[in-house]
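In order of appearance the chains are A, B, C and D, and numbering begins at 1 in each one.
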Amino acid sequence: MGNIKVGVLGANGRVGTAVCEGVNAADDLELVAAIDRDDSLDKLVEAGAEVIVDFTQPSSVMDNLKFCLNNGIHCVVGTTGFDDERLAQVEKWCADNAPVGALIAPNFAISAVLTMVFAEQAARFFDSAEVIELHHPNKLDAPSGTAIHTARGIAKARQEAGMGEQPDATEQSLPGSRGADVDGIPVHAVRMTGMVAHEKVIFGAQGQSLTICQDSYDRTSFVPGVLVGVRNIAQHPGLTVGLENYLDL
Amino acid sequence: MGNIKVGVLGANGRVGTAVCEGVNAADDLELVAAIDRDDSLDKLVEAGAEVIVDFTQPSSVMDNLKFCLNNGIHCVVGTTGFDDERLAQVEKWCADNAPVGALIAPNFAISAVLTMVFAEQAARFFDSAEVIELHHPNKLDAPSGTAIHTARGIAKARQEAGMGEQPDATEQSLPGSRGADVDGIPVHAVRMTGMVAHEKVIFGAQGQSLTICQDSYDRTSFVPGVLVGVRNIAQHPGLTVGLENYLDL
Amino acid sequence: MGNIKVGVLGANGRVGTAVCEGVNAADDLELVAAIDRDDSLDKLVEAGAEVIVDFTQPSSVMDNLKFCLNNGIHCVVGTTGFDDERLAQVEKWCADNAPVGALIAPNFAISAVLTMVFAEQAARFFDSAEVIELHHPNKLDAPSGTAIHTARGIAKARQEAGMGEQPDATEQSLPGSRGADVDGIPVHAVRMTGMVAHEKVIFGAQGQSLTICQDSYDRTSFVPGVLVGVRNIAQHPGLTVGLENYLDL
Amino acid sequence: MGNIKVGVLGANGRVGTAVCEGVNAADDLELVAAIDRDDSLDKLVEAGAEVIVDFTQPSSVMDNLKFCLNNGIHCVVGTTGFDDERLAQVEKWCADNAPVGALIAPNFAISAVLTMVFAEQAARFFDSAEVIELHHPNKLDAPSGTAIHTARGIAKARQEAGMGEQPDATEQSLPGSRGADVDGIPVHAVRMTGMVAHEKVIFGAQGQSLTICQDSYDRTSFVPGVLVGVRNIAQHPGLTVGLENYLDL
């Protein structure tokens, strides 16, 4: 089987550069086109790209997807800004050009995605669950979107299993000590010089705990997840939202 | 729906006592018979037990299972000493009395079982994987059976995904520093006063790591897993080996 | 040098039993008197006790200390309920019977005491510091007294080093997510089935973090600290409050 | 009090650049000279440098130190290659120009230095101690020099306290599982894609453990330690080897 031919859009940006390096380092992938804003998309067709990776801008991503999907090129997309209307449009382009596929994911850090998936799977087996996330001190929001999403997934799994509130006999407490309440799951946010992005999900049951913990050490941690997308998109025609749907767990 | 009626065999032992307490504390379970070595098994039938839990001895467990399965009582079994011959016998008793079920598991610590399952699921997404287990210093074997089993599961998943050896440029090393080699997965064993039983599986990929970590704080950590077995055995006719098969992940 | 002769008061209680076992297991200590509520304190003198350990009740501890100190017996005390008046009284008994010593400590878990001491030492070298404590869900207060004490020690060390507020750009946050504010140090409390008592102090500086972490796995974790007290009290005449003063760090 | 005037040698290198940025970001320090290989050292004197930081080459560092010390400029040195002869020479230059100071340190990562110091302090209070270090897979040696140094410090502290061997009942083991034996302290090395440099020292005593853990997330983690050196060198005349001697713990 030949290598998968890959085009990268936004190839000169910080993220795009890391994607190009990742594709080049993979034995089973071939970088056939590195496109940036002044390049014509026609180059993708000329180069025979089978899959593109788009980390560009909300203002350009829809034009990119329209072109690629209409040319039968699969699209792995990390660009943000997709609302329901945009997703419906992408779904239509996929349907019109079946069996082409589009993967749109808010988070390509495979360790973070797996943490969320495993947390949802584990939730119904444990009386207690809490989430702790740690980030650099320049982050503007607390908790992180990923931590909130994780907590919601745990809460949903507990609810579906008919579980009630978590045990907590606290009577006297300093405000904030027990964290933020996200659908009944306490979420704690640490902000600290030196940290990058880290998430810890802790589950407790009689005599034991299970901890699922994710550390991002630098800003290229999305690359392995992007490559999972590139390698598997041909088996996922149509629109898929979220890398977890590609993991076959 | 009524409560599940549970009998406990070996009820006066340390383990059986904890099982009885766990059943009594559960809203959806009812302890109808607590049997120890001088009690007649007939009590189980008289009490209407639907499921029994057996933490007894290899010398008595087969008689217990024969009686219970032949009386249509499901069996959750933590007793050790099952070889292929014994498993075949139990399978036959189950078949003869369908749809009765038997669950035989070497490890009922739900956090340990999930650690193994998640480790196998995660393995193919990461370049690197190592296992660290920590136990009290009176343990006779190193690494623990659970850690070896975990490493083998990771190795198998890597192999099935066509992954090669782990990256490791080590040229100079002190003997033992890189751990035991279990099918290509390094396994490290710590022995330490104060510890109970702990396992940590670490995965690494570009810019990130995923850690799945299990701590047993006391010797009753098998109870939640036993209750998972009791609650779900009616949906699993026949012989099942390993609690992971009940988790519907 | 001969063994140190030790008497234990409250010897039949849960804590006292563990202390007796600890003394018996130590090569350099000899248990010469195990006293409980119906025993005469004279036995301590008859047995030649050099040091006593008192884990009794606030209602009886002052009588015990008066007797022992007046008889020249050093006192290691884990009983609670000491206010300034009681401490002054103990100090006077020590002075009247110099060079006898009394050690009164709220926390004998050596790992917890060292965590506090190291946290204070490390504080001025790091831009950021936060405390996370984890306990069983039956605990009534949050955060734990130990965590609050640790945070205050860090805050004091930062202030003495002329350090300002911690960096934190958070603009949008869910209430509670950033923990309780203890003198400027965020403290997070986790309550979870299965946990015993755990504390984690995290420090961050450019490109790095330092974590000091303490786990209590069972309720005998005070024993090693008590033995440190017993072994060193002869070198500490007079009243000492806090085990950290015996550690010679 | 005015700012401390700092010169940086090797200012255009990767390390020197990070030092310059660190000095510039500090309110109490002023970068007065950024010297690289083609610059004259006279610039340091002209600029009034009070302290220099040298991260250059073994081939040039001795000339740099001779010039600076003879001009009464304190020297913070991260350059490698100092043998006893070189150290004696630096000591002599310091003595000839008292009270000038020179700090030569193999490791300026403050979290790593504190981990070693705290490990030595804690060692005698715990029955068990093991070291786990984790690094990227391109590292050539295992265990790391820092981990070996840490283990030796623990072993020395145990020996001085008259402690014997660690408890370990292991009878059956896979080769390597119990780590490398460094003076009786087991040391485990993990090599993993994504990791940077991490060290964990675990101590165990009855019912408890203490873990001191250091994470380096990027290659600028030496900067805070260098600034500790710069700020305190005026109080340390003469030659000092090792940043730990500046920490006033």
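FYI, a contact is a pair of C-beta atoms (placed from the backbone, for glycine too) under 8 Å apart; a residue touches a chain by one contact, two chains touch by 3 or more.
Computed from a predicted structure; not experimentally measured.
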Any idea whether A-C or A-B has more C-beta pairs in contact? A-C
Specify the chain most distant from chain A by Cα centroid. C
Where the centres are mean C-alpha positions, what is the separation of chain B from chain C, in Å? 38
For chain A and chain C, let me know how many angstrom lie between their CA-based centres, rounded off. 46
Mind checking the centre-to-centre distance between chain A and chain B? Centres are C-alpha means, answer in whole Å. 32
Can you pull out the residues of chain A that are in contact with at least two other chains? 126, 194-195, 203, 205-209, 217-218, 221
How are the chains arranged in terms of who touches whom: line, ring, star, complete or other? complete
Under the touch definition given earlier, write down the residues of chain D that touch chain B in their complex. 126-128, 130, 132, 134, 137-143, 148, 166-182, 186-195, 202-209
Spell out the residues on chain C that touch chain B in their complex, using ranges where they run on. 194-196, 217-218, 221
How about chain B: which of its residues touch chain A in the complex? 22, 109-112, 114-115, 118, 121-122, 125-126, 203, 205-221, 223-224, 228, 247, 249
